[in-house]
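Down below are the structures I want you to see.
Below are two complexes that have chain A in common, paired first with chain B and then with chain C.
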Partner chain A sequence: MQDFPEELEDFCGIWKEWKIVKGTVPLENYGKLLKTIEICGEIAILEVNIVYSLIYRVPVLWFAISSENGEPVENGSVEEFLRGCARKMGKLVVAKYSLNEHPVLGLLYYNIHPCSTNREIFKSSSPENSINKIAQWLSNYGPDLGIYIPSGIFF
Partner chain B sequence: MDYEVCRKVWDSQIAAQITIQNRDEILPFYTMLPRFSYFSVVLQDILQFFTSRDNELNLDGEKIWLESKGVPLKMYIPIGVIFDLNNEVEGDTWHIVIKTSNAPSGYRTINRETMEQIYLQNLKEADFLKRKAETIQNMQIDEHRMLWDSICNNHFDDFWGINKKLMDTSDKMFDSIPLRVYERNRPAFKQTLLNPRNDSGELVTVGHAICQLLAISEILPTSTLISHGIRIPAETPLIYAAKNLTYPDNFVHICVLKND
Partner chain C sequence: MAATFVPFSTFCDTSFWSEVNRRKLNDWMLDESPKRIYGQFSIYDKIGSNCRLSLSHESFSTSKSSYPGSFHLYNTLDGFKASDKAQLLKIHSQQIWDSIKSEAWLENPDSLFNFFTIAFADLKKFKYVYWTCSPALCYPNSIGQTISKFEGNVEKISKFDENIFIYTAGECKNIKELKSFDKSDDVYIVLADPSPVLSSFGWPVRNVLAAVAITKPEWSSANFIALRGSQDYQVFRYTWEHGIAPEDVPKSVGWERNAQDKLSPYSVDLSKQFDPKKLMEQSVNLNLSLIKWRLVPDIKLERYSNLRVLIFGAGTLGCNLSRGLMAWGVKKISFIDNSTVSYSNPVRQSLSEFTDAKEGRGKAQVAADALKRIYPSIEAEAYNLTVPMPGHTVDSSGEAKLAEDVELIEKLVVEHDVLFLALDSREARWLPTLLANRHKKIAISVALGFDTYVIIRHGIGFSEPSNSPRTFCVTTKEKVPYAHLSCYFCSDVTAPGNSTADRTLDQQCTVSRPGLSMIASGLAVEVLSSILQYPDPLEAPAILGDLEDEDPSILGSIPHQIRGFIGRFQQMTPCVKRFDRCVACGHAVGQQFQENGWKFVRNVMNSPTHLETVTGLDQLQHSVNDVEIDFSEDSD
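Showing the complex of A and B:
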């Protein structure tokens, strides 16, 4: 998916809550969303990044959750948050995730494992299918983090 | 696999002096740190040493962080890579401070259990690059655990007894080579898909791979490629590095250092 930078620009241009963070080369650009969430009655800030993986050749969701004072929350709270997102989708199992180094920031973030990503979405689309590829992908994997595309903006 | 090379790489160690921030009255701890290991693995023993000497010393393993010469040390990158990247002088004692103040923004202290998960994810990623993760998916969970335990317990033979499966190329050459490249001015390592052979069927060298990765035309004579504290000739075949110079996560980690 070499057209990731263009698709990302298009995506963030339509869904304005997402901002583009520029990397040193266009494939390092990533989308960033900040969202207030609640975990066990506590308010927390969820940061989600859409980063292109040069290894898996698909976008990957990276995320961090911090308390209101900016401290990262405990692993247990992250698990609880993901469990809540899974429940909302009627799933019993949370998405596969782990901590690792963010490919652009060089800091530890969580990521949703890209192994199950449907690569078909990213194959060159037919002219009649002009829906943004990142939006198509996020409609499948965003709910793992409680992110739902508002109706009407892409589909 | 060249047994001698792999054994020497595994056995290489770094002399370290470890002190505690603002506690000059506490004698330093001197140790040899295995290059292949992680601070998350060795930290428990270090903290235990300090607390066994002073019962009143309260070091919370989840809150402390590590620093050397003002640079925070990442606990999830192999120790040898951090040493090489910080341009420490081989043979000199590495001065490391256990910090008890607030960690820099974004820094995370990693315990051994979390490190095990990070290690396994890296191992899976390396095998995804080499053969679409087929080998690691066919391994038993016990074997994953044994790999990790052999790192924690410094058991070379146990590690290679299992790791040889991940390194086997008797049936099929690796699709891509797991290589991570570090530079001092970049916050994160760089990696991409790197074939062991070019379109003409020739073996790709470490130098060419790094040029491709960093989008540069050549390795400048003023730059040095370092892995395991050894200067790696740019003409080293990438496949040789992948079979003999990997860290236990199956990645080749190379620091590109610019000589001043």
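Showing the complex of A and C:
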């Protein structure tokens, strides 16, 4: 998916809750969303990044959850949050995630493993299929993190 | 009703502090002058009771949906504390006031949102204190609000890409046009609103209100549209007490309250994010937690992390055992070994290197140091001492040292929960076996032949005096209690009944196929991991017969022994009951040690009639029955 930077630009232009963070090269640009959430009654801030993976050649969801003072929450709260998201989808298993170095920031973030990403979305480049590819992809994988695309903005 | 405004709460994410660390070290150094930053806001939040002002690594460059502010980083905590907060608030409020009075705000509305953050960063401990102030002028007075639904053209408003603008007669216009309106009811002021609370506008509206009241002195009301992500726009109609504009800056407020609703700085400990040691700890713990969350929900991980393991022998087995234990989250590992790394060792012993051999360093120390290099949070200890062995004679001059060594080894056994017996000679396992039984510790023997290996978990405690004969491994489904299982020495006197291929495995000693050590160590670690998941690990039974039928532990079966034959790539899991007159775990031995302590050990070491010493020390098995009989005579 070499057109990731363009698709991201388009995506963030339409869904303004997302901001583009510029990397040193366009393929390092990533989309960023900050959202106030609640985990077991506690207010927390969820940061979600859409980062392009040079290895898998697909977008990957990276995320961090911090309490209001900016301190990352415990692993258990992260698991609890993901369970809540899975429940909302009617699923019993949470997404496959782990703790890794963020490819652009170099800090420890969680990521959803891209191995199960459906690549078909990124293959189609026919002009009649004008729906943003990142939006199509996110409509599949965003709910793992409680991210739902508002109806009507892409499809 | 009286108007209320939702205050700001600053959210600095990890990347912000990471950027502060970098700039402080490389660019600013001791420079304390304020730096320009941009605080992002979001109009999409619906949860919480504060407007979020977010700072991240990109906050040092301008971006959309952000307010300009300044960042004051003090060099010391005292400097941070001593800073004149009232004065800082006054200076920033004055700037806002000047912008309002000069009507510069119409050209540059951002100047109304003049926030500043003061901070101190402890770059050694990665602790940060910070406090943000978003000054709001307390003007005009007696502000009241009524809320109604916006009935106009939502589409136009949502497409107009500004943080503040006006809406009049179905059109959006630049805020500059505000000047030209005579009546406040002819115009809506649209303002991006980060408030998550439906019934209150966010903090930014306060200075806009002040600006409108000053710029339009004849007005005593204004209509604001709260621009929020939901597009369910609301109109806030504000009214205020008409008055004469003051010359000087009015009173202002804006220091943030912390989570306890007190006016005080925030503090945050990011050592978990920036201290590499803690980063690793966190990652290791997460990986283990994933086992719990994904695969074995009932697993008790603390049984690994709280475990204290003593490994006799820091050779190829000891090294590999410790690595497996470390990966399970075991934090305390001690090694006992008396030898130094030789040139043949590093290729097989996964914790030693060429230079260790060159410098002739002790194996235990080398292994402990390597563990700490691999995982700094581990507590690894090394004891360079020789385990007293039957047949290795000691004269009277060595007795004091022997007494000392026995005492130290016994102390170490007491201080640990699990013992691995991975010494290369057979007789070296005798005293550790005895002590493990004496203190009811889990003891696991691991031994290698050339192409065979054995792992045995020793029965807990000494045997009870009994006249019943030994039971051989058969195909019954009998559950053998942990306390009735054989030790390394019992099982050697007679071979398990269902294998003709069994033989003493360590006769060939250290010459073994190189892959064996990893296999055997890995299995031994996993036997322990299963034992630990039994409700009471010291009670974990083994099953005589087929292992598949029952799963005593949540990790599956807990075999008593594992015997592998790599020549045919076969493995079996016999279960053998203990021999009540065993030389290491029989009750007579226990009694002897109880009564005579190190002197008993000395007698065993020296007595040629008790243990055949002629050929040495690794021939214990040939005289095993004699030894046992002799012991019985002693105790008589």
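Note that in this section the second predicted complex is superposed on the first by the 154 of 155 C-alpha atoms of A that agree within 3 Å, B and C clash if a C-alpha of one lies under 4 Å from a C-alpha of the other, contacts with A are read in each partner's own complex, and residues count from 1 in each chain.
The rule is simple: a contact is a pair of C-beta atoms (placed from the backbone, for glycine too) under 8 Å apart; a residue touches a chain by one contact, two chains touch by 3 or more.
Every value quoted in this text rests on a predicted model; they were computed, and no experiment measured them.
J.: Touch check for A:115: first (chain B), second (chain C), both, or neither?
T.: The first partner, chain B, only.
J.: Tell me the contact category for A:99 with respect to chain B and chain C: first, second, both or neither.
T.: both
J.: Between chain B and chain C, pick out the one touching the greater number of residues of chain A.
T.: If we count touched residues of chain A for both partners, the winner is C.
J.: Name the contact category of A:107: first (chain B only), second (chain C only), both, or neither.
T.: Both chain B and chain C are touched by A:107.
J.: Quick one: is A:54 in contact with chain B, with chain C, with both, or with neither? Answer first, second, both or neither.
T.: first
J.: Kindly classify A:3 by the partners it touches after superposition: chain B alone (first), chain C alone (second), both, or neither?
T.: Neither partner.
J.: Is A:17 in contact with chain B, with chain C, with both, or with neither (first, second, both, neither)?
T.: The second partner, chain C, only.
J.: Scan A:75 for contacts with chain B and chain C and give back first, second, both or neither.
T.: Both partners, chain B and chain C.
J.: When the two structures are overlaid on chain A, which partner does A:42 contact: first (chain B), second (chain C), both, or neither?
T.: neither
J.: Touching chain B in one complex and chain C in the other: list those residues of chain A.
T.: Correct list for chain A: 70, 72, 75, 98-99, 105-108.
J.: What residues on chain A touch chain B, complex-wise?
T.: 25, 54-57, 70, 72, 75, 98-108, 113, 115
J.: Contact residues on chain A for chain C in the complex?
T.: Result: residues 16-17, 19, 21-22, 32, 34-38, 43, 45, 47, 64, 66, 68-72, 75-76, 79, 93-94, 98-99, 105-108 of chain A touch chain C.
J.: Going by the contact rule set out above, which residues of chain B touch chain A in the complex?
T.: 74, 76-77, 105-108, 110, 114, 117-118, 121-122, 124-125, 128-129, 133, 186-189, 191-193, 215
J.: If you look only at chain C, which of its residues touch chain A in the complex?
T.: 9, 11-18, 40, 42, 44-48, 50, 52, 54, 56-58, 63-65, 196, 229, 258-259, 266-270, 272-273, 279, 282-283, 285-287, 289-290, 293-294
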